[in-house]
Structure formats: C-alpha cells, structure tokens
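See below for the structure under consideration.
Chain IDs A, B, C, D, E, F, G, H, I and J follow the sequence of writing; residue 1 opens each chain.
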C-alpha cells in the first residue's frame, strides 16, 4: 500500500517528503484555505516540486461542467495533478469528460461500493472511500474497503482504492490488510508514534 | 460489472450517459409508452446515438414467430439493438431463430436458474434475472444470481448475467459481488445517494 | 449442462426443438408405444431430422446379444443414434461390443455409482442415473450424481453423466450444480414455468 | 452494553439524560476545567441529580495515598461517585484500600490485559481500556477488549469492562459485540448520526 | 478406478470379460484349486487370452528365493503376468529381485500403511490392502486406503493401490472415492445388482 | 448399543447367551426353517428361557389383517415376544393395530429413512434398517443409520434403531458410533476375532 | 485419568505406591513368573496391602469355565482383586458369570471397539485396549481409545477404559486427552523423566 | 487467574501486597539466599503477615523423607505455608505423605503433562509448569498449559495450575486465556508497564 | 529464515561464526560500549572479516541529517555495513536519503505494522520488529510479525522482516513459522539448548 | 518417504538390503560396539558394498575440531559416508567446516525446531529429530516433525528431515504423513508385522 499525505501545507509536505514515504498528496479547499496568503495554483505547483506522484487538487464547482473546466485548467499546471471531484452525478460527468481528455481523477467522498463502481465505470483513476466518516455513522469502514476491493476484482477494474478519512495508525494497518492500494492521512497521523 | 440504464426517456439516458457510466440500455414497452409522442424506432435510434453499447428493445408479440419478426425488424434499426423477449417457451423460439440469424437477445423475466439454463442453450446473449421481484415473492434474489453464475460456470456458458429489477444501490453491490456481468436500474436508483 | 428431451412424440420434439434448447433426445419403448401408428425406425429417423444431437433408442432384448444386434441395426438408421441399454450385466456386454464397433451407448436405469463405474469401464458414452426414482426409494438422488461425478473425476473417465428421471425444474438446477453433463426431461417439465 | 457520557458539561449531560440512554457519567480534570467557574464538588453533585448511575470522578494525586484520600473525600459527596485512578502501581494501591472501605473505583488508562487482570485482582469496580489510544499506536483496540473479556470470563471476575477513548459510533457497535459491559463517549459521538 | 476380477474360473472370467469392464485379473491358489483338473500354467495362459491386462498369479513358496524362482517361471508364461507375493519380509525380497529383472509384482495381504510403504520401496507394481479383512478385525478398511494414498502422494510413489477383499458394491464406490487405482472382486460382487 | 443375536438355533443362542452379551434375539422364517424338526412356537418359547430380552418372531402373512392375527397369537406365547413385520403398507397396518393392543413390533426390511419415520409414527417398538443389503445396492448403509437417528431425534421418537444385516465387526463399531440402539448379527460375526 | 502400575514386583509396587500415584495394579502370569519363588496368591495379597485399589489377577485357563473357577478363587483372596480375562468368547463367558456373582473383571488384549462393546455388554468392569501393540501393527492406537470412548458414551456404558501396553509418557498424556479412565504402565515408564 | 509474587524480599512483597493484587507468594532457596542475614523461618512468617494466601516454601532435601520432614516442619510455621517440592519421584513421595497429613504442596519444575498428572494423583495442591524454561528448550510453553488444563478437566482434577517461570506480561495474559488458575512472577515483571 | 547474532563481542561473533549459522550481525551502541577499549570502526571492520553478510551499525544522532552523515561514514567502512536507525520520523529521513545513495538500512525499534509500512516506503532494507519488548507491554509480539508479513505481501514489498528482541528459542521457531525472513539474538539464546 | 536401517550389524543390513527397501543406513558407536571384533572402518566400508545410499557414521569427539577431523577421515572411506554429529554448538562447527569441504552431514539428537533451523543454516544434509525420545519426555514427537517441515518449507531449506528414534510401525506411517523425507529404524521395527 502506498502512502499519500492529506495536506496543503508546504512545510508539512516538505517534512513528510523528507521521510521518503510519500507517493502522492491529497488536498482540498479547506486545507488550501488554511494556508494564509497561498495561491491555489502556485501551492499545487510548489507541491509538485516536492513530491513526485499524484497530487489531488479538488474542484469547487457544483456542476459537472464547472468541475470539468476547473479540471482542464488544473491539469495544465503539472502532469501529476489529479482532479478531485465528489461522488455525485455531477462529479461523474466531470470524471467521464476528463477521462476522455486523458486527465486523471480522484473521486472523493465515497461512502458505498455502488458509488465506487460507478466512479470506476466513469473512468476514475482513484476512488476515495472515507473510512473514518463511515465509522462515524456506525457502518464498518474497513468492510467498505473490502467490498470495493471485491467488486473491483470481480470486474477486472484497475481504479486505485485510496483509504481516506484515516483517523489513526490502526486504520492504515487495517486498510493495507484489507487490500487498499493507497492510504492518505494528515502529517499528525503518520507520525503519531 | 457493467451498468445499464433501465429507461426509454431520452433526457434521463442523456443525463446518465453524461456520467460516463453507461455500458448499455434496457427498455420495455411501459417505459417507451411513458414517453409521450415518442416513436419506438426513432426512440431506440436516438438512444443509440447517446450510448455506445447494447440497447435492449422489447418485443410485444406473444408468440415466437411474432417476436422473431419484430426482432428482425428492430435489428435493422441499429447494430447495437438487442432483442428482449420473455422467459417463455415462445420467447425461447424467438431467441433460437434470432441467434441463427446472428441477432443478439436479452431473455427477460427470468425467475429461476432452469430458465437461465434454457435461455443460454437457446443462444441468448443476455439473461435477466429479476432480483427485486424474486425478493418480492420471498425468494433470495441474490441467491438466484449465484445459482445462475454456478450453472453457467459449470457448463462453460458465456451468456451474460444481467441483474434486473434492481431496487436500491445495495442490490448493485451485492450483484457485483455475486458475479453478475451487468446490472440495470432506473436513473433514480443510480443516483439515490 | 446440456438439455435433452425425454419423448418420442414428434410434435413435442418439434416444439422443444423450436425453442433451440435441445442437444439431444432420449426415448424408450413406452414413449414410442404411446405414439399410435408410429413405426420405431421412422420415428427415430424423423427425430433425427428435427434434432442435431444424440438420440437414444432403447433396445428391448433381455440378453446382451439381442441388445447388440438391435444396436447394430439402430445405428444404421442415423449416425446420431445412441443405443440405450439397461444397467444389467447383459447390458454391459452389449455396451462393450458396440463400443468396439464404434457405436455409442447410453446405460440407463442406473441407481448407484458402482453401476456407473462399470458402465464407464465397459465403454458407455452416457450413463443415466435415475434421480427421481432414487429419490422415490428414499435415497438422495443428487447425492448419487455427486458420487458418480467424484468417481469419474478420480478415474479420469469421460463418460457423460446424464441426469434422468427428472421430476421438476429444481432437479435440473441441482443437477447442473452437482456437475451433470446433461439432463433429460419431458416437455412438460421443461416448460413448467 | 450500557452507555455513559464522557463529559462534565451540565447542559450536555442534561441533554443526553433527556434521551434516556445514560447509565452513568465519566469525567476527568480536563473536562471539569473546561467548565468555567465550576467547582468540582458541586459539579459532581449536580451531575448526580441528573443521572442515576455511576459517576466517575478522577483523582489528581500521583501517589496511592493521595489518591486514596481524594477518593475518601469524593465518596462522601454522593453514593454514586466512583473514584477514577490510573493503571499505575500507585493507582492499584488506592484501588485496594478504597475497595476495603467499600468504595468503588474505575481504573483508567488501561492499555493491556495484564493491567486489567491486576486491576481486577486489586478490587476495581470498572476497568477502562482506552481503545482509541491503543488504535493510535497501531495495536488493535477491539482485540484488547476481547482479550480482557476472555481473561475475566476464565477467572470468574466481575469487574465491569468499560470501553473508553471511543472515537466514533462504529467503536460503540464493535465494543458491544466484543463483550464490553459499558462504553463511554462524548455527547458529539453519541449523536453524530 | 479400474476393475479386476478375483477369480480363476475361466467361465466367470469369460463372462465378466464379456461385460467389457475387466482391466485385469487376480487369482490365488485357493481359487486355482477350486477349478478341478485345471493346470495352473494353462489356466493363467488361458486367462491371458481372455483379458488384456495384468493377471496376478500367486506364488506358494514361503521364502523369498522360492517366490523369486516361481516368479521368474510365471513371468515367462505371458507378458501380462504379475507375480503375487505376500506382505512378508520374504515377499519383499522377491519383489526386489523381480523388480530388478523387470518383472512386475502385486504385494498382497497388506493390512497397514507401513507395509504399503515398504512394498513400494522394494519396487512393487501393485499393493493390495485387504479392506474386507481389515473391517473384520474392527479396523476401518477405507481409512487404510486413505492412509496409503496419502503416504504414496507425499512420497511421489507410483505403485498402484488395489482395493482387495472387497465385500459389496459400496466398498467399490468408497474405494474409488478414497483414491484407489484398482478394485478387485469376485464375479458375484460385481453383479449383485 | 445393545447386541442381539440373529439366529433361531438354540445351540447358538445358548452359546452367545453364555457370553453374557445378549440383550435380545431376532429370528426369521428362514432361520426357523433351518432348525429341522423345530416347531415355531416351542422354538420361540425355548429361546425365551435362554434370553431375557426382546425376541423378534416374524409373521408370514402378506396382508395387515393376517399379520395382526399372527401377532396376537405370538404375543401370547411369551411377554418378551416382539412381532416382526415388513416395511410395507400392510405391515404398517399391523403395527398400528398391535400397538393399540399394547403389543410391541419390529419393522424389518427397512431401506430408507422415510420408511423408518412411517413405522415410528405407526407405533413400532423397533425399526430394522438393513445396512448390509443397503451397501449391496451401492448405497451408504451407515449413512442410512445416521439419517434415521437424525429423523428420530428431531421428532422426539423413541422407537429403537436396530442395525440389521450386519456383515462384519466394523459394521458393529460404526453403527454404535452412528447412534444405533441395537445391532443384531449371526453368531459367526460376533466371534470373528 | 487414574494410574495403575503394570508389575508384580513387590519392590516396584512399594516404590510406586510410596509416590502416592497408584490407583491400582495390573499383573499377568509373565510378570508373576519373573518374581522368583513368589506364590501367586501371597503375591496378590501382599500387593493388596500396598495399594488400595483394583488389582488385576490374570486367569490362565483357556475356557470360560476354567476362567470362572479361577476367578471365584482369586476373588476370595481380597475384595480388591479384579479378574483379568482375555477378549475371547470364552473370556466373555467368564466375565458374564463372574459379574452375576458380583465379581469384577478386566477384559484384556482388546484390539478393536467391537470387542470393547461386547466386553461391556457381558458386564466387564474394565476394558484394556492395548495401544502399544495396536501401534505395532500400524494401526492408530490412540484412535482406538477414542472409538471405544465414543461407543461407550453413546451407549451410556460405565465400563472403565484402561490404556494398556503404554510405551512412553506421551502415550499417557494422549490417553488422558482421548478420554481414557485409567492408564497402566511399568515403573520405568512412569519415572522416565 | 490469581497472581502470586515470586520473591522472598520483604520490601518487594510489601510493595506488591500494597497493590492489593497478591493472592499468594512463591519463594525458593535462591530467592531466600539473596536476602542477606535473613532467617528462612522468620522470613516466611513475616511474609505470612503481609499476604493472606498460599506461601510456597521450597524444601532442599533430595529424598522424599527429607522433603517430608522439612514439609512437616515448615507447615507448623503458618497455616498458609505450602510445601514446594520438585517433579521427581522423591518429590511425589513427599507430596503423598504430606497430603495424608493434610499439608498442601506445590509441585514445581514441571515440564510435561504426564508429570502434572502424576503430581495431581499424588495429591498436589498446586502444579507449577515452567513455561519460560519450556520455551527455552524450543517447546511451546503455552501449549503445555493447555495440555495440563485438558488432562485435569478430563479427569475432574482440582489441583491448581500455576504458570511459573513467567518472563513478561504477555505470558500472564496468554496463561490466563489458556486456563491457568494462577501465575507467579517477580515484582519487576508485574510492574513492567 | 536466516539467523543473525545480536552482539559486538568479537569472541562471541567468532564463536557463532564458527558454527556456520550466521547470515549477519546486529550491533547497537550498548553492545559496542560493553567491549572495553574497542573502537567502533575497527570493531565493525573486524566483524566484517568474520561474517560474510549484513552487519547493522547503529547511528547515535537524534536528527535525520546526523544519522545520514553517520550512515555515509559507516558505509565506507565495509560494503556489508547496514545503517541502523530508529523508527522515528528522523529515522525515516535518514533511510530515504541513504537509500537514494544506494546504502542499505535497518529500521529498528519497530512496534507496529504502520511503522513497518512507512519504513518500507522510505526504502528500508530491513525492518526490525521488537517482539520481546512488544510482549513486555502485553501485546502479542508474534501477532505483530504476522501483520507486517501480511502488509508486505499485499503490497509486494521486499523489505526483510527481522525478528528482534528475541528472548528464547521458542521465539525463533514461532518467528520462522510466522514468516519472518531473519531473526537476531544474543549468543546465549542461540545456544541455550 | 525413504527408509534407512538403524544398525551396524552386517547380517541385519544384508537382510534388510535383500528386501530392497533400503535407501540408506544410520549407525552409531553403540551399534558399532555391539558388533564384536568389528573394525569401524571396515564395517562402514562393508555396509557401503551392501547399500547404495547415505551411510551415517557417527563421530565420537566432543569438540568441533575433533568431529571435523573424524569426518574428513570417514569421508575418505566411501563417497556415500555421511558424517553424523550431535545437535551441539560443537556439532554445528563440524557441520559448517565439512559442508565447506563438500562433505555431507547428519545432525542427530535434534529435540526442537530451533536446532533443526540452525543445523540447516550450518549446511547439514540431514536433520534427525528423535521422535521416540521426544515422546519419552512427554512432548509430541510428531508435532516436532510437523514444525521442522513448516520451518524448512517457509525458508526454502532442502535439508532432509529424517525421523529417528522410531519405536513402532505407526511412527513410520505418521512420519510419512507429517512430511518427513526419511525414517530410520532397527530391523525389528521394520519387520514387526
């Protein structure tokens, strides 16, 4: 299982990058917003200089067209940029159009395996089940990882399963054993030893 | 597992098609009838411009000959048209004759694995077990999918298993895990998140 | 699993044949006798024009030599004719001699796996365990199919296992899952949906 | 499994109490300190008017004698007060002496089953394994609950197992399935549905 | 599993041979003696004209040298003759010497898997566990077949396992399922249907 | 498991009785007939002086009324006499009427668990599955004992299960492990050590 | 599981008795004969002063009457004397008659569970399966203990199972785990630590 | 599972006793010798004032008589004194005689379940398998605990199983789960949190 | 599984090396410090002359840069030197930079599988879970080995799993069965037979 | 599984060799000493003329150098000589040095799997676990074979596992089923049928 960092803080990313464990980065508008004075594009581009792997940049439009346009824009910033869109029908539209343009996407806010199947069908590069938030509603987050892995294996699907909303190191171990391809977590979680 | 939409509504199909998840379409006379003013042939042909995959068009004859003639007719509308016939002995006759003419069929209203075996023997391209309706009569719909998959695997049969009469996303997940090749559902179901 | 029809009624066979599901036909003297005015030879030959697959024609002699002679005779009617003989020692003799002449046999009235093993050793093309009648005497008919399949697999035997004396569609499904190669049943059973 | 609330906020406790799900309360100095202007004693006594069940009040001394004295003091505030002490050897001393005086204790900060066994031997009324913090160090928190339950069952021990450091509703479900007697969590966690 | 007949009666062998199920013959001095006026050599040679497969001829010497000499003699009667010797140390000696001369042996009267291992090591072509007699002394005969098969598979041993002392058709079925290569039984047993 | 002897030979019964292992006797017309000059009634009465337990005396009528009359007659010979009738519908009639008169029966020639259930429902004191003969037809005799025991346990039936047609000591052990209440066998079988 | 010593050497018995582990003694003519100058009766009586538990004294007659008479004789020597007889039909006769006289027996040389069942039926107090000698013939000695325990438990039989012919401490442990009531072994084996 | 301390150091025992977890004490000559200037008797008696439970005092004689005399002596020091003797035949003698006098013993240095069985038969109050030392010779120490528990349960034996030679807290947990009644360890091990 | 010695004592290493079992050496500052008058570099170089395999030399810096510099230095002493760094984020930095320079590392003080995953991602050559110390805190050390092996196998990771902090030969056996690649232990442990 | 004889008696070896089952010979000084007047070297050389397979000749030195020298000497007697050394650290030294010289060794007196792993690492050709003696100390000898086989399979180790200290034919069967490559036993054991 590969490890991504869930952060837009250059200092944190530089730090984690220096540990040599980073295979990618996931960001979101909240994380970007936390970085005062930061410009989105330059932040992403700077991250791209620090980490040699997929960097998820999240769109903020609510409709597929808007997401698509944002995606087209972001994708020109750096070849490693992955367009992050939500598990909504509008999100699927964007995934589909971006995939046709050869642009990779990360479908986020995934809470069940049906969403994961649809995202994969639409052409998603990464699917991000939110295990912590799934646990929060009393469902078995790790069971969700296992279901998605089973559905993908049955269908010969190659979309990467990324365990998101990771809360503690045990989640990382369990996700690896459940067959996730990647886990992403904040710096604090990775270093909470 | 691939996903088809169960609809004849061009707007819905265009919508779902825009999500990029559609590998095919299933229609039926009721669905067609709902589309006021729609001409069957032009509806199917328009659908064919929207989705690049099998489009099931249902026959309305009650006898095999009638179904066969309808099938011959529909098949000329577009190469992607699949002739949908019921799991009756008349339906089998149509499947058999159409198969000899190289025309693909979708045997629908399947409620048990013996029907699925017979349809496959007659040359069906798709078998459509109706899992929701099977559940309705107190039988285990998912168990039916598993039995058909077992019977097909034992016999080296390549007819596609399409989970029809899908009621909710859980049905989609379970069908994928049970080994179905395709699931079809209305737009509402796919987006009921 | 392939499906045969257990009938000598040309109308029924023509009917079932029209469904496209027939891979063969099994007849017996009782079935032939039911067809008033029918001549055995012409009946079989007419069946052969309807179905392109093995057609079991049953011998009526009680001794091996008689069965053999009948078999030699029947075999000249049509290349698809399979000689049906009972699971008796006289039957085995006929199987053996016919096999040496390159004529295929169907050993019928099989009630246990030892008979099935002996028939296979003698060169039978098909073995026909009578699952309905086995169930009738309180023994597990499906268990018999499983035992024969196990004995044949252990011994690398290629004789086809034909589930005969099928009573209802569930028998067909269970036989397919148990590993039978063929099931034969009357028209009524196949269409009892 | 019973549910306690992990809070010293009277408003929260009153709220949860109104739901009818509360069998007890756990507090700690940090929680008390959050309630500005609150006096420890009066807070606990007021809680006791709201909830009819064990109310854990934590000692702050580092040595057994100090804990014992605090315990003696707290116990006079209300019959439902349970003295909370850490899983240290000094904590065990306090548990033992308080138990001899008939005062109930809750041994907290438990990270392994050997500690749980020792606490039970010393006379603890409740043992509080910290499942979230155990997960944080990459160990299986739920596995710890199962081990303690097994050790207690083998030894006929009646000390209650309280799942503490609960992070989300899934933890509550899993603890109940693992055999915990009680789980405690903040209001937010209970209501995050 | 192949079937041999356990008989020296030419009429019986001719009968069973006519069924086409015979892959070989096992005889013993008692069986030979029952055939009044029969000469051993001519009996074996006549059997060889009836059955095209291994024909076990039993030695009567008690010492290895005597068995060896008898074996050398018998082997010249017909290439299909297999020398039958008992599971004694003298028997092993004969097996070993005959194997070096390229003559095949059947080690009989085997009652445990250690004997079967030693016979295989000495070069036996066939090992004959006596399942009926093992049952007679209250031990599980079929369990013996399973043990020998396990020991042979672990050791990559190719000696054939022949179920001897078969009492009824169930023994034949069970031996086939347990993994025996051959079963031998009297004519009566094979035909007791 | 208790042991009965299957014999009408007074010498044999006296012998086995002297071993102290006899809990009863089963006879049949063939066994009685073997005893030259023996009168049925006096034979049974003499047996009753040798063994203090159930003595099965078989009826010879083919219809229920006849069996009933014979049973009424035999029952007056000695209180330990059990009326033996076959597993036919006529036999069931006799069992039922005899049971109402307080006379015990042994239902023999049982080949499947459905017969055993019917016999028990009719009021049989003993049911006699014929395990050796069941093996002879290639069915699993011990499996039959297990099925009857399961059916009886499920139904709270107290009819005794008697393993009949026992061939060798292994049958006795296996029947005891399978849960039979009694086994009956000829003198030879019991002493074949 | 209780422990007996298998010895007639007073020094050895005194030694083992001094360890406090002896619940009984088993002797046999060979053991008695080894004690030069020892008189059988006085040896047994002296043993009875050393050990307060069953002392098996073996009969030497070959017929039941002889064994019975010897048994009657031995039983008068001391109330703890148990009459040891072989697992033969003559032995059963003696067991039966002695049991009627209230004299306890130990049925020895038991090699299968059918013998054990018959001995129990005849009234044996102890059954002695010879596990070492069973292992010697390649059969699983511990499996024999398990079969006898199963047969006795199914039948509600209280005859004690004594593991005899014990070769090493592992046999003692395995017998205890398999459910034997007693094990007997020579002094050397008990002390081989 | 109860906890004992393995120490003769009064300070340590007082410390552990103050934690309230002590159900007993095990000492040995090496431990006593470490306490400079300590008199054995007074040490034991002082321990008895600190802990209200079994206190094992080890004998130093090599012969049973010597151990017995020491045991008699020690037992008069305090009613809680348990006499510790080794798993030798001399040790068994002492156990037996002391048990007859109503004095309790702890049989130590136990390395296999046969020793444990003999100790229990001799009347031991406690058996002490040395799990650490068993691990040291490459055998599975916890497996030994499980075997002893199984042997004792099968035999209705009430001797307590004390896990001795405990090396770390994991041993304590595993022993409790394996079914030990007591574990003893040095102070350091208990507090190594 | 390979074996390393955990020592810096040349005499011990020479000794173990002479047994032919050494595939490598692990040292640490404490071990080096025990060797009075020894110079670190010359000690390591001398070890390299004794053992032809990886020799772990531990860094003492607390920061990644310091560890990196030490590592660069040590690596020049001998091609077999492996740089040992702790499972801290600073340690990961050093691992990553050294890996880029082609220098192998051993990540030590590993207590959970998340650490093991991160170390592997950073490029570690060896990961050293400390099973003894994990046992010390009441967690299952062997379970940790199994988790790391599962995580590594799922991810196709080739970092070697080295069982460190081994306490006794049983640990070595269990680690080998759990799938560790290497175990390291002091001389005493290896020879404690 | 191959069979070796454990003997130095030429007559016995000639005898067993004549059975054709011998794949090798194991000797030891005690066995050699029993052969009065026999010279070690000539005995081994004569054995080599009788058996074409590994012949273990045991060293008598206590130190590795002495064993090595003896080994060098023995190896020159015949290419089939295998040097037998004990499972001590001195033994390992000899194994290692002999392996470097291309001389094969048999490491004997193995009582646990850690020893077996070390012997394999040192280069042993054969490891000889002593199952009988392991049973003697109450440990499960067959369990030891299974552990060694597991450790060797996990590590890709090709050292042969030889079951030594075999006591009876059951040991041979169980060892073969447990996966041993060879078993060695005295002539008596092999022929105890």
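In this text, a contact is a pair of C-beta atoms (placed from the backbone, for glycine too) under 8 Å apart; a residue touches a chain by one contact, two chains touch by 3 or more.
Nothing here was measured: the structure is a model prediction, and the numbers come from that model.
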Listed pair (E-F, D-H or D-I) duplicating the E-J contact set, over half by residue number: D-H
Between E-F and D-H, the pair joined by more C-beta contacts: D-H
Cα-centroid distance, chain F relative to chain H, in whole angstrom: 60
Separation of chain A from chain F, taking each centre as the mean of its C-alpha atoms, in whole Å: 76
Centroid spacing, where centroids are CA-atom means, of chain B and chain C in whole angstrom: 35
Multi-chain contact residues (two or more partners), chain A: 169-170, 172-173, 193
Interface residues, chain H side, partner chain D - complex: 1-3, 15, 18-23, 169-170, 172-173, 176-177, 179, 190-191, 193
Residue ranges of chain B touching chain C (in the complex, touch as defined): 64, 87-89, 92-93, 95-97, 99, 111-115, 117-118, 121-123, 147, 150-151, 154-155
Sites on chain J touched by chain G in the complex: 132, 134-141, 167-173, 192-193
Chain I-facing residues of chain D, complex: 111-115, 137-139
